[in-house]
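Heads up, the thing below is written out as structure tokens.
As written, the chain order gives the labels A, B, C and D, with residue 1 at the start of each chain.
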């Protein structure tokens, strides 16, 4: 490798005294003296390598996995405290090493508010998944160690995805993370797991390879040079409209598959229903966010014209995802498939918010990504805990469980309420912000998307009713309620719902600058209210 | 920008009567080693033959490579009256051929504790199952494969360094003929092996005839066989356009046959399947490297000026090669055949890079060949190790559950397959990126179209590779028991090098890319 | 008589050789077709040498003959082995490797 | 955007002239919500130790909220009418670019009225529940949910923005869901809970969109901000205001069980009776009225939307009354009555400034008497083995004297017996309904008046069937009076039923509300189309008729134990005018069709599409592979064809 080339430190001086007006231009990456982001990613990577190397006799595998994932969490929290929401640099905690200068590729890391939020969310969910997957490989041995190793490897890759500021590097992580997921789905799970893993891989790979063509296109049309792949260098280029649209489609398709949006979603229900709950959690809770993350980071920022051009189609697809996903969810008997379809519906909201091109909707979408990570994680884990007790994921095999396992039922209900976006839960805040922002531009779209909240109530409550209510089930009186480990799995998630529901301001403060900078790059102006309130009463409560 | 301008001015001092021995020293070493091999075969006692042959061949290869590695800048020059041109690309390709040849040789020398090379019949001329075969079996070794391989390598080294069409033809034949013989020498399933040799030989000669005819037409057009002269003639000679275009395309037929491009690929699956597995690996890697080296020289030095005449045809060939290779690999059930079709698809990807007609394309092709070549040798090396009742378990159903039985080997194969599929952080990804980027950047709309076809074909091939991964890791072992042999140090090294390059060229591709880029200047 | 007629003759011979490869089953005859193609090329080379007034083409013809001779050695060896194993020199009988 | 300093819950000055920053007790008004919320959290999280004491803690916390509310009221009365509204900023809730919303509380006359109603009735019902739920194994959870409800309801009425209101709005919906389904091992109860929540969600859909429309139109969603913007925009924003008005109405219909979203309320009686009293009679279901009154500046400039409110109210009040006549289930009859009474309030709210204050007035008195009657019904059920069919009651007055007496007060109050609570509040609405021009006063006025008679009939029917006439008890019935923890709250509410109307009327409640509701003084300027004495007299006459008819049929005459077939109207009313069937046809059937169609499309369409690509590739592969037939001559032919094609291409290009 070539010697380290540290970025210069552009424009960070005004951070503390930044004016209250929206940031004019956020650009550049402020370097970090300490490679925080690399460290966050390196911890699970090391853990993964260690677990791969561990002999099968070693029983400490999962404890090690938990330890490494918790360590990554701690480090990510420390890094988050180093993040300055007031900075004018688009990316912070920057790191830069030359990697493939021939292609203008550098190992460039950096996060904006969205990035750090996603990283922290990921490092929270992974230990939860490790705990949740504690007994997933009952026979133990090497196979179990490898299971957790894949999890940690996936975590490392995902952190790489969220932290890359180099398009090539992003792509590398984006595609490479398919491998751990492929093995997680294909090796551990239900009887149809091979088919599910293959489908996941092929659909993702197809999208990813089309994106590769677009990445190449961006590179060829970009400025070139040893850092020609940096997002910031690729921002604000003027493309031929047709070319820009093609490039946009190339990126968008891959992200839409990953997200997943209707009609390229079919891999998800299959994968989620076959994988272990912990894997499904990682899959839907974190991995799929990469799709929407990519839309914001790359589609909107690099191809603003094309993004606006595609908006009508994307919005319609998002609305179809919302309604379609929710409607299909209502009809599911398989809990895991049901959750998968709810996620498709929720991803519809996220995409809707992204392409509404308003600050409120954009911030809502980013927050939604965080919230959905927690809520869907909780949902999958609940389903897993039920399935572990009953040995079935079919809803029709249940009934009356509230009488037997009240705490489980309570957690399940809270999780369900978070999924149906009850106010007070984080998911409400984000969903409402998305709709609020969307309404500013597309009232009809907001109205249609609102149908999703009715359908959400139906699928969640019917589910709860069929599983939990009714007369005490026969022969299951001795089913244990939540164990201590399971409570520790659920507690942080439920706490996250509530905290983000009532006090999302700290997270929003972190997200806001990245949203406004993205919108700035996208070249849109905020819609104004038609009949604004007289001065003094603007902007909610006066300050 | 004119392609000629890119290639740059001739810089060597041209001395007709002199021979720059340094420039051709590596080839001389290999030729010498091959000849010594013949002598060893004739005079050395049977017991010492294997060791002696292997040592001579391996030392020859390593010495030749050491010369290139240490004296490369001084070696550059046109020599032998322009018949041999040793320039950057030639040296890089020779280096690759030597290293891959060494890896291939190590696999050919694999004995698995027996007396002679395990893959080869002790008596190629005997009837399968006959008394003579049994006798030869008892007597031991088949060591003639080593000098044969060395002769093939000599041809492969000369091929990309050929300064004129005659040298190129001779090199083509020198590399082909030992391979025909090697193909016929499998120890097990000898009928298949002989059939493969026959097919390879007939079709190979057939294509050589086309190559030669193309050379004749170009000679008729330019009045010279020298590629540089032909290149210069393209701009100046008028009125014989038909000769030029037809000649160029017939030359391509000969070379495209060697790389296995559609529609000249049909020998590939049969020969790859029938040949002894180490030979298949050797062929897949070294022949491809040498043939692409020659193709590059032909295109960039001789024919770049007339690209409008043949470009369209090659675009179509490249597209067809990617599509047919990847689609056909989907329905394969024999692992060697499957890898054969995959090599066809890879030839298509490399062609895309070649058609950039730019130095970036040369570097990309070089990089692709390096990453593909080592990986494919390692892949065939792994195939060599998986046995059912003594012979190689090549039906993919026999690979089911291999991940349980031999996790390290299966993991290695999985890594190689991911490399073939072009998963990032493996060499295959960087290589694909390089060729596609070169094509998009320099081949205009055709480059974009080919790239899109290429990425879609990649998706199809990925299905194929991951199907094997599924079998190895996610399926329960099938009926007949499958054993995994332990390779010797040499074989393990060959496989290890393939694995290592897959990872290293994926994670740190910059040095090789830099080398390939700095060595992308043709001389004539 | 124009020298080009020799070229045309070469082309015709080449085509006859190629047709032989395609239509005959006996491996030896097929191989002879290939030899015919090579010699047709020789004719073309010599003709072009004459047209261009250089000796290169004639030199090539010599090389080609040598190469063809080498090919005969290798080719006949292969055909012989397969004939011994199968008791047949028909190229269509060697049909195990397919699909 | 820059970082906002993370503001802790502090009273920050609101830069709003009309609404003063919070001072004194209002500075800790958040305790209103926090106390019961803490109770709910505590009871839900700490399980075993609180099985016994938990209910008491919950009750104490609820009373604590009442005390805070009472102090707020006292302080508020101490200030001048203009300075009574106070605003308390709690913390930065949603700082998002142009939409920067703090969580805050608006303490004004309207919210304090509600706070007191909720905390007082709510606390009484906590006390009542101590007795009523004494033997339920899950009572800890029950009290947690009750506390949760109180907290959410208080949040709803004290929120300073529509969005925070929405939080409370769905919070009470959740509490309602939990409490309706409290005995959800009985499958119909679980379904009833779902139905309530989902019907409410349909309403919430409207409220949510209304909030979005407010933001898009006015750039703010605070109550004061929208008020001022709506007033400033006036008729310029007429269309948007009408849209917002309709959307708010949809929300109100869902929560207040107004036509066409009324069907859930009857089923909601599945919950324990104290729940029905508190949530489905006194407080939560009136939130729709609160919403309309809160948003009155919107309706002031959106006459069409206001008219729609009135019409919805009129339809519901009539429908509820008719349904009430046909129900034999005591709780469902009371629920129908609740619907009808809320219809009155909605109608009043839709009348504009004339009616806002009356709507609230009736809401408060109704809260007392209806809660009292529900508790009475609960007491009856307590004594009659949890049965609800009035046809098996009768003549209970002797056995349950206190219950009878308190129910009597409630009954008299609701039928508008002179000088009891209902008389003051309901008659005002009837009078206001007669105000106006054209057809409206006649339609609305006469409707309200006639339904007053109907109300008297069905409430008397209920009262007589339960407490008078022959005893139609089942064999093992042993009716007995309830314990003091139940009767005392009933007595207190009965006192309220009797006296509250008069006290408030005398105490100038309407004038007190005037700064918020835009002044009922309007009534003075607009005379009813009929003279007031005529209205009052006519109403009383109709009431007397209704009571008399009920007396004749349900006290003097024998009531059959099994319900007679009845006329088509009775049958229709007993089935809630086929509301469930209509819903089934209009919502459930198409909904199911959508679900099935989408599932089918997903399984056979989209999924097959993805797989189809795979199959196509495989098919192509197999077919192409046939070319690889093993014949070397065929391979040579392929090559030669390639050569020929290539040369042909060259030849074509060259010539």
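To be clear about the criterion, a contact is a pair of C-beta atoms (placed from the backbone, for glycine too) under 8 Å apart; a residue touches a chain by one contact, two chains touch by 3 or more.
As the structure is a prediction and not an experimental result, all values here were calculated from the model.
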{"item": "Minimal step count in the chain contact network, subunit A to subunit C", "value": "2"}
{"item": "Farthest chain relative to subunit B (centres taken as mean CA coordinates)", "value": "D"}
{"item": "Chain nearest the overall C-alpha centroid of the shown protein atoms", "value": "A"}
{"item": "Pair exhibiting more inter-chain C-beta contacts, B-D or B-C", "value": "B-C"}
{"item": "Interchain centroid distance [CA atoms averaged], subunit B/subunit D, Å", "value": "78"}
{"item": "Separation of mean Cα positions, subunit C and subunit B [Å, integer]", "value": "25"}
{"item": "Intercentroid distance (Cα basis), subunit D paired with subunit A, Å", "value": "36"}
{"item": "Computed distance of Cα centres, subunit D from subunit C, in Å", "value": "96"}
{"item": "Multi-partner residues of subunit A (each touching 2 or more other chains)", "value": "202"}
{"item": "Residues within subunit C bordering two or more other chains", "value": "18, 21, 30, 91, 94-99"}
{"item": "Residues of subunit D engaged with two or more neighbouring chains", "value": "614, 625, 628, 630, 632, 636"}
{"item": "Touching pairs - complete list by chain label", "value": "A-B, A-D, B-C, B-D, C-D"}
{"item": "Residues on subunit B engaged by subunit A in the complex (per definition of touch)", "value": "363, 407, 418, 421-425, 429-430, 432-434, 436-437, 440-441, 448, 451-452, 454-456, 458-459, 462-463, 466-467, 469-470, 473-475, 508-510, 513-514, 517"}
{"item": "Complex contacts: residues of subunit B adjacent to subunit C", "value": "124-125, 127-128, 166, 169-170, 173, 177, 180-181, 184, 190-192, 194-199, 201-202, 205-206, 208-209, 212-213, 215-217, 219-220, 223-225, 269-270, 273-274, 331"}
{"item": "Sites on subunit B touched by subunit D in the complex", "value": "198-199, 202-203, 206-207, 210, 241-242, 245-246, 249-250, 252-253, 257, 263-264, 266-267, 269-270, 309-310, 312-313, 324, 327-332, 460, 463"}
{"item": "Touch list for subunit A against partner subunit D, complex", "value": "18-20, 22-23, 85-86, 199, 202-203, 262-267, 269, 324, 327-328, 330-332, 359-360, 363-364, 400, 402-403, 410, 417, 422-424, 428-429, 432-433, 435-437, 439-440, 443, 446-447, 450-451, 453-454, 457-458, 461-462, 465, 468-472, 502-506, 508-509, 512-513, 515-516, 526-534, 536-543"}
{"item": "Partner subunit D, residues of subunit C touching it in the complex", "value": "18, 21-23, 25, 30, 91-92, 94-99"}
